[in-house]
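Below: a set of structures, written as structure tokens.
Next, two complexes with chain A in common: one pairs it with chain B, the other with chain C.
Now for the complex of A and B:
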């Protein structure tokens, strides 16, 4: 097994899930209605679980640190998340649009990983795939509700959020350092194929939303190489504060 | 010591989030391997990957097997045999209903259509004139519904 390539893939995916989980959790207690508060908190918990499962696989098969250490003891330069997940939660329209665009990509990734040549990843993918339909259902419902079935203001806000999120969303498909090995060894389909499937699915799911899908191809890159927005380090400082004070703390 | 003895002991281990159901009826015990009277291996798998109750259940399972006088108990949590709601036993479905949770429908394929979440049978009056309010409830495995017949909100155990 090409453990370097596998770790490269897993860090990109796990760091995205971990950081977006943290962002989603910022809606806990603040959601616009109770059901949405619960939804974002639940989705955050699912993503955190996916991140933990990936860190666990890397620890078992790639010689990487324990999951808690991997999650809490790296600084921004060592993180491989995309800029998209680092952005603050903004208004609810932006958080919904990011939830939608990210979760379509997440669905595409885990669906493809069911066929991975790495057995523990394929097994995890079969499990996670079943959970993601609830995320997609939730995200798509709101895109259509606030797009086609909302009012002028909700439509305008969703359209603006979609336009602003787009270049960051495309940054999710920045390649890592082992792209060809991942493809050649059947570990993963690669970022170009991922983006192609993602685009098709976004178009399909937004068909009834009346929202216009941006045509821009500009992408905010750098996250997969350790170059991040200024939003990431403050997030890490907050997320890891307790662990850095006392790694044995339990609650 | 037989596999049966171990399963019988595990019937006493409850899901901390839904105390009417045992880990056995929940279907999260995927294997019991009695290597000797002093060496038992149990494999379990979480309902959802991010289920926060799994560590509690894992240590409860270990304690229950130790309670049989087994010196070496190993509890492994993995995804070799992924949990789906089809793994719930009949007793498990009855236990969910007793807790006021609509049991999930059986399904055949991995890519399940979410239509099944509309018109879930109400656990209070049995009517199928119900609406899905949100696919996310108080725990990862539950959804929120409303019954138009008896006018009550209820929770469902969502199929995965």
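Now for the complex of A and C:
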């Protein structure tokens, strides 16, 4: 097994899930209505679970540190998350649009990984498929609700958020350092194919939303190489504050 | 302007005015979503059981939100949501149509004194087989 290529893929995916889980959890207790607060928090927990499962696989198969150490003891430049997940939560419109664009990509990735040559990854992909279906259903339903069935303000807010999020969303498909190996060895389909499937699915799922899909191809890159926005370090400080007081503590 | 400093960094980030004395503006009446009744099915083939309700702007969103409120723990195979307005119900002051029902013991299984007869029958059957 090409452990370097596998770790490269897993860190990109796990760090995205971890950081977005933390961002989503910032809504806990502050969500727009009780029911949505609980649903969004649940989705955040699921994302954290995906990250943990990926760190666990890397620990078992790639010689990477324990999941808690991998998640909480790395500095910003060691993180491989995209700029998209680092951005502050903004208002609920932006958080929903990011949730939608990210989760379409997440669904595309994990669906492709069912066919991965790496069995632990393929097994995980089969296990969480239902969960991802729900996340996607949740995100798409809100996009259509606020885009087509809401009012002028909700439509305008969603359209603006979609336009702002788009170049960051495209940054999710920045390649790692082992792209060709991942494709050649059947571990993963690669970022170009992922983006192609993502674009088709975004268009399909937003068909009834009346939202206009941006055509811009500009992408915010750098996250996969360890170059991040200024938003990441404060998030890491806050997220790891308790863990770093005593990393040897058992919980 | 002095802002609220909280142990919760999310609250601190909101830059809420610490000196604010005027109460928040009252919300307009009926600004809430409608409600949907939720029915939960624990096993395939089992009855859907009423478990509560959710606020939502549409049936699709009601189902979506019901999944987390009522299907996030334990076993679930299916959920139904029904707009509360679509539930046909009796008027509260018509409850008297049931007033005399508790007296109609002959409709309760427990009201039939058949235990003695059943025991006698069993005894008879047992004697029959041992002969």
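Quick note on the criterion: the second predicted complex is superposed on the first by the 247 of 251 C-alpha atoms of A that agree within 3 Å, B and C clash if a C-alpha of one lies under 4 Å from a C-alpha of the other, contacts with A are read in each partner's own complex, and residues count from 1 in each chain.
FYI, a residue touches a chain if its C-beta (ideal position, glycine included) is under 8 Å from a C-beta of that chain, and two chains touch if they have at least 3 such contacts.
Treat the numbers as computed from the prediction; the structure is a model and nothing was measured.
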Fit or clash - chain C, chain B, common chain A: clash
Partner chain(s) touched by A:145 [first = chain B, second = chain C, both, neither]: second
Partner chain(s) touched by A:39 [first = chain B, second = chain C, both, neither]: both
Which superposed partner A:126 touches (first chain B, second chain C, both, neither): first
Partner chain in contact with A:52 - chain B first, chain C second, else both or neither: first
Which of chain B and chain C A:245 touches, first, second, both or neither: neither
Of chain B and chain C, the chain that contacts the larger number of chain A residues: B
Partner chain in contact with A:26 - chain B first, chain C second, else both or neither: second
On chain A, the residue positions that both chain B and chain C contact, one per complex: 35, 38-39, 42, 134, 137-138
Interfacial residue positions of chain A with respect to chain B in the complex: 35, 38-39, 41-43, 45-50, 52-53, 120, 123-124, 126-131, 133-134, 137-138
Chain C - residues contacting chain A, complex: 9-10, 33, 54-58, 60-61, 64-65, 67-69, 72
For the chain A and chain C complex, residues of the former touching the latter: 26, 30, 33-36, 38-39, 42, 134, 137-138, 141-142, 145, 149, 238
Chain A partner contacts - residues on chain B that touch it in the complex: 45-46, 48-52, 78-80, 82-84, 110-112, 114, 133-138, 140, 143-144, 158, 160
